[in-house]
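What follows is chain A paired twice: with chain B in the first complex and chain C in the second.
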Partner chain A sequence: MKQIATLAALLIAFACVVRADTPLAEVKTTTEKVLLLLKDSKLQGEEKKSERRQLVRAEMEKRFAWEESARACLGRHWIKRTPAEKAEFVKIFSEFLKDTYSDKVATYYGDLDKVDYQGEKIQADYASVKLVLKTKAKIDHPLEYRMEKTSNDWKVYDVVIEGVSMVKNYRDQFDAIIAKSSYDGLIKEIKAKQPNP
Partner chain B sequence: MTGSSRRSRPSSRIRSLLKTPTAIFLLLFSCAAFAAQEAEPAAQEKEFHDPFATEDAQEQPHVSDPLERMNRTFFHFNEKFYHWVLRPVSKGYGTLAPKPVRESLERFFANVKFPIRLVNNVLEGRLKSAGIETTRFVVNTTVGVAGLFDPAARWNLQTQPADFDQTLAIYRVPTGIYLNWPIFGPSSVRGTVGRAGDVALSPTTYLPLRWDLGVQGVEKTNLTSLHSDEYDALEEATLDPYVALRSAYFANRANAAKQ
Partner chain C sequence: MKNQRFEFFVGLFMALGILCLAFLSIRIARNELFAANGYEVEAVFTNCNGLRNGSAIMIAGVEIGRVKEITLQDYEARVILKLQPDVALQKDAIASIRTKGLIGEKYIEITPGAADQIIPHGGTLHGTEPAMDLEGLISKFVQGNLSTNPAPNK
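Showing the complex of A and B:
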């Protein structure tokens, strides 16, 4: 009897240690934090813009797996690259994604009235979380976050806005660019897009 | 277990299996199990497995663009038209008309197009949506001053988007090839037929031609003035804007038909 009790206690303790938040809860936490930052009275105005942006970015960085996104964007071309090429690609393209999308999400969240969390769908180590952003002008923007389980939490690797997946869109562009020129041509184009080369 | 046995079957069998929903689920499940098995030794080497993208791929048709050269020419024309005409005109207009006025005008145009949403919601068998649209039209045309305001949205009556391309998609009409029209932008064969249907249902079509063109010009300018930031962001974020727009067009239409 005592053994069973010990076993049960151990199991419960173990369950508490490995229990991570659900993907939806993780998205909610980050979203609420970002919204609080955007509404913070100490961070309003044009002169606080860069500080506000910095804080929002830092918050999003914790929830987004930009390296995974970059890898997913390369799709079927990933396996064909050498380890050095992979490392270079992930480095430059994840930076590009971070730059373009952090501010975009921040702008999206800028004139929000409220966020409706619609639900989550989990398939093994992947999850889809759907929300509707309701603007002050009473317009609904459906948004989906696709997430991957890491060792201790869930991280976003794709954003789907009105049915358009960021990863799929880049994958199609990369396919076209590689088919028309080459992988090196693609790298050149990504580098040309960097704000400070 | 089931994962490995299913995996070893010939692909033609898998293709025929794909036709039933249960089989799709099983296939996805076995793919996930397969990915999990392989993940340990070669975590960095596996192609990124994306179960939700697999689902999308089943809904989105393969993009066919045999007229790419012509389409790209029109795409570049539209880019130039946007930068040289539409954007400067709408910026100028934007400084004259305050944002709330422009937003009201956008709501007014949307309200006028009520017949498109009503008829297509009915054709799609969405009678509840058709009812909501009718209520919205009555409320917004009266209380909302000819549609300039949207009091219905405050009563939780949101717009129920529906158009003829969406109706055709629900009737399983294939999209056909991609067409990037001058001025009108991304479309497909089905999208073009759909647009013609929408034009036939749009009340402004029945104004004298000169008036109709004027209305469309104002509508487009107004729309651009409210959304030019989004267009600029698209240019910034893409490496091949033509392909990006084409991919987004098909993804968005497939999504609209699914809702």
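Showing the complex of A and C:
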């Protein structure tokens, strides 16, 4: 009886180790799930748009390191903020990202013919996963997910589309807005961009 | 006696000339004969088209180092950056390959990050942006792009 218990414990432990997937496998799982959602016949049509979007958002939510992303996008200005301001920024900015990216994902993946997984590259706690989105119009869009290892899995902190980094793009824009107005001005502008506050 | 003195000055003049020439060629080739101190950081770009050994590395338009070496690694460009010792780079800093002016030479622009960890000597800069492939983008634009097509996601 004791032996069986030990065996079971070992098996569970082994299963836990296996659960920690490679970055590529994690990206693949999320991508396939999102693609299934977008193709789901029950979720088609204009009236189901918000429901579909919510589901895509929920899948994305699990795969992203929101705080990392928000901090990286704010760049040098992050250091000057108080802990409360930092928490607020992470919240507002991740909402904004979720909205813009779930829309973008729906647009890009809706026109998709095939996803070509090019492979992964792991370097200590960092990884990059490359894919090519092949559209029905026979155009290739290279995409790269930059990921960081957290305690139990890999999370995306930057997306590079056609060689343009999302973090770098926002870092430059936020820098310009803060230089022109102020940090509060930036918060106001991000809040104004939110489609459904 | 007078002749000997004359020859000595000619020799001195020649030696000076050769020294100047050597100095100039070292300067032009940007060779670090008297190894400038600093530290090295590695960055991998998918494309570093136009970048050369000795290309400038800048933050906010201020030069903080130069490209030391470019090699091919796994079909990507591995670039060694030699940076001034007093400039610290955060783990989430981003290096992008940019062009001076419209058709000028390429350089690496670094946008500093906010992470607590600093990249040590021999460390890796993970955030990189490759050189913009203008021809590729134009050809995509000519063929039509996703964002210009109406998305069939009804």
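The rule is simple: the second predicted complex is superposed on the first by the 176 of 197 C-alpha atoms of A that agree within 3 Å, B and C clash if a C-alpha of one lies under 4 Å from a C-alpha of the other, contacts with A are read in each partner's own complex, and residues count from 1 in each chain.
Simple rule for what comes next: contacts are C-beta pairs under 8 Å (C-beta built on N, C-alpha and C of every residue); 3 or more make two chains touch, one makes a residue touch a chain.
Since the model is a prediction, treat every value here as computed from it, not as a measurement.
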Practice item. Mind checking the superposed model to see whether chain B and chain C fit together on chain A or clash? Key: clash
Exercise for review: Based on the superposed arrangement, let me know which partner A:E46 touches: chain B (first), chain C (second), both, or neither?
Suggested key: second
Check your understanding: Regarding the shared-chain residue A:T82, is it in contact with chain B (first), chain C (second), both, or neither?
Key -> neither
Exercise for review: Give one of first, second, both or neither to describe whether A:I190 is in contact with chain B, with chain C, with both, or with none.
Suggested key: first
Check your understanding: So, A:G163: does it touch chain B (first), chain C (second), both, or neither?
Key -> both
Review point. Is A:D172 touching the first partner chain B, the second partner chain C, both, or neither of them?
Key: both
Practice item. Pick one for A:T100: touches chain B only (first), chain C only (second), both, or neither. Key: first
Point to revise | First, second, both or neither for A:N152, with chain B first and chain C second | key: neither
Check your understanding: Between chain B (first) and chain C (second), which does A:G110 come into contact with in this model arrangement: first, second, both, or neither?
Key -> second
Practice item. Check each of 58-66, 76-84 or 130-138 in chain B against chain C and return the one that clashes. Key: 58-66
Review point. For chain A, which residues belong to both interfaces, chain B and chain C?
Key: 68, 71-72, 74-76, 78-79, 107, 123, 126, 128, 137, 146, 158, 162-165, 167-168, 172
Revision key, fill the gap. In their shared complex, chain C is touched by residues of chain A numbered 38, 44-46, 68, 71-72, 74-79, 106-108, 110-111, 121, 123, 126, 128, 135, 137, 139, 141, 144, 146, 158, 160, 162-165, 167-168, 171-172, 175
Revision key, fill the gap. The chain B residues in contact with chain A across the complex are 28-29, 32-33, 35-36, 44-53, 56, 63, 103, 150, 153-154, 158, 229, 233, 236-240, 243-244, 246-248, 251-252, 254-256, 258
Review point. Residues of chain C touching chain A in their complex?
Key: 46-47, 74, 92, 94, 96, 111-115, 124, 126-127, 129-133, 137, 140, 143-147, 149, 151-154
Check your understanding: Given the complex with chain B, which residues does chain A contribute to the contact?
Key -> 68, 71-72, 74-76, 78-79, 83, 86, 100-101, 104, 107, 123-126, 128, 137-138, 140, 146, 157-158, 162-165, 167-170, 172-174, 176-177, 186, 189-190, 193
